[in-house]
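Accompanying notes for the structure given below.
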Amino acid sequence: MLEKVGNLADRWSDYTGPYPLSYKRDVVWGDCDPAGIIYTPRILDYAMETLEKWNREVLGVTWTKLTQEMSMGAPTVRVEIDFVDAPKPDDKMVSDLRVIAVGNSSVTYGVIGHNGQGREYYRCKVISCYIARPAFTATPVPDVIRRRIDAYRRGCGDI
Amino acid sequence: MLEKVGNLADRWSDYTGPYPLSYKRDVVWGDCDPAGIIYTPRILDYAMETLEKWNREVLGVTWTKLTQEMSMGAPTVRVEIDFVDAPKPDDKMVSDLRVIAVGNSSVTYGVIGHNGQGREYYRCKVISCYIARPAFTATPVPDVIRRRIDAYRRGCGDI
Amino acid sequence: MLEKVGNLADRWSDYTGPYPLSYKRDVVWGDCDPAGIIYTPRILDYAMETLEKWNREVLGVTWTKLTQEMSMGAPTVRVEIDFVDAPKPDDKMVSDLRVIAVGNSSVTYGVIGHNGQGREYYRCKVISCYIARPAFTATPVPDVIRRRIDAYRRGCGDI
Amino acid sequence: MLEKVGNLADRWSDYTGPYPLSYKRDVVWGDCDPAGIIYTPRILDYAMETLEKWNREVLGVTWTKLTQEMSMGAPTVRVEIDFVDAPKPDDKMVSDLRVIAVGNSSVTYGVIGHNGQGREYYRCKVISCYIARPAFTATPVPDVIRRRIDAYRRGCGDI
């Protein structure tokens, strides 16, 4: 696995911003319910898609690569969401991701969703844990990933 | 609105159990991701569908009725989820709902998902807040709903 | 693979009905959109979940088994849906599956969704094609599966 | 209603291309299933989101406006999908919409999904029908909408 992470490092160019990374996907009709506002679970879809983009663009490690090439995984172990304001169809949604903490195996992310003009929709904290397959047991955050997380946090001014 | 709630009370028979109410919907192929386990946001779908069933069967107030007939709503204001174990396609999922707390306008629910045989999948806390339309501002939990919540909590042995 | 299908045959008991197989999952709030009726793509979710149940209970071959143990797949190649009537939250949905045709590699299914009391919601035709992995090329319907399909069609009175 | 459509016309600027309109949303992890490819029903989500964007940008009539301000609707009455090739997570998805036919109340759309570099993923035909609320009965395509559809078809070189 280390070798594969090494290869990965070779193929990947450092992320150079923007800080924080933003994921933009506007609210669609099918995300909303008969009350006319977003259906609660869809907010978590937005937050997780932001995390997916961050893994691909900042770490250079898509979840496909993590699973298939590195025999690892990063399942979510805890989520907290504050629903600040309820978006409707066609509302702009910009989700910004920052890293709050890095433990031995776990990483804590903060995602804030807003309309790009000061109106906040949600705040989401996600804790994921690196695991090794097939045992599915906790494993340390790989060094190369840890370095990229640190670089990102510096870019964000968070460390 | 009180009159409508009164009519509602007339049409509804007291919930007589089981305690806690369970919602059963097994994990389907489309709920799972390329890692072969449930995609994180789908767990919140299960929890919210449990709450939806509880509103219909315990309160006798579907979200349709709450929205259209009573000009109210009960949007989610906060969610916490602990992902205990990751279910796969065809795994049984039983979600049990209990009421943790009742405030002036808000209600806090606890939903635990398990396989019916002692294997726990998730623990979810949901806080929702009653609002009045069209102002979309917090409004007290209607008395008739509060009484039914209390009866349910007594049935669960929680008060 | 034949050996594995043989093992499968040993573990599986013949499906004994009902004919047609029915899948029941009522319409939930989150399946519906701000117009108050089911969001169009969710109907295809219902049809595919019916097919998933039929694979598990009639063929005795879950999609997990087909993919992981048999190194095969059965991707959908064509779908047709007629939306007869639009269900709303809490509407009962019963989806019945019949097999319309079996080709060399493909199988054509018909799924009809209704409320169990004569009100039809949708008619869906699904054509799937057996493929071999990793080439992902068409492969004949395995004999043991073909026999079970024939038995099911006889049970339905369709052949 | 006509008056409202009139107001609409006043507020809306003619769509000036591109022809055909494209909707871009890449395939995410959660759209895919344990076989590692897109889960069948998600393709219809992509097609419908394309139609939603087209209504907003070409007709100038969001589904929210159609439902709430114009007391109309445009439910889907028939869908056909050919699944040409199965996309995976991170694959680019570009969906192009053209209008195939306009009837008295119905409009037939063709949506083709591809990766922007010649690889086709799906072909979808959608027929929707304008209805009047609350009767939910078929109603003629409003003249102002019909004119904009014709302009779009001319832009695409289809009439």
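The letters A, B, C and D name the chains in turn, as written, and every chain counts its residues from 1.
FYI, a residue touches a chain if its C-beta (ideal position, glycine included) is under 8 Å from a C-beta of that chain, and two chains touch if they have at least 3 such contacts.
Fair warning: this is a prediction, and the values are worked out from it, not measured in the lab.
Visitor: Have a look at B-C versus B-D and report the one with more C-beta pairs in contact.
Guide: Of B-D and B-C, it is B-C that has more C-beta pairs in contact.
Visitor: With centres defined as the mean of C-alpha atoms, identify the chain lying farthest from chain A.
Guide: For chain A, the chain whose C-alpha mean is farthest off is C.
Visitor: Quick check: how many Å separate the C-alpha centres of chain B and chain D?
Guide: 34
Visitor: Roughly how far is chain B from chain C, going centre to centre by Cα mean, in whole Å?
Guide: 30
Visitor: Quick one: which residues in chain B touch 2 or more of the other chains?
Guide: 29-30, 34-36, 39-41, 45, 48, 63-64, 88-89
Visitor: Please output the residues of chain B touching chain D within their complex, sorted ascending.
Guide: Touch residues, chain B against chain D: 29-30, 32-36, 39-41, 88-89.
Visitor: Where on chain D is chain A touching in the complex?
Guide: My answer: residues 25, 28-30, 36, 45, 48-49, 52, 56, 62-64, 88-90.
Visitor: Give the list of chain C residues in touch with chain D in this complex.
Guide: The touching residues are 34-35, 37, 39-42, 44-45, 48, 63-64, 67, 73, 75-83, 86.
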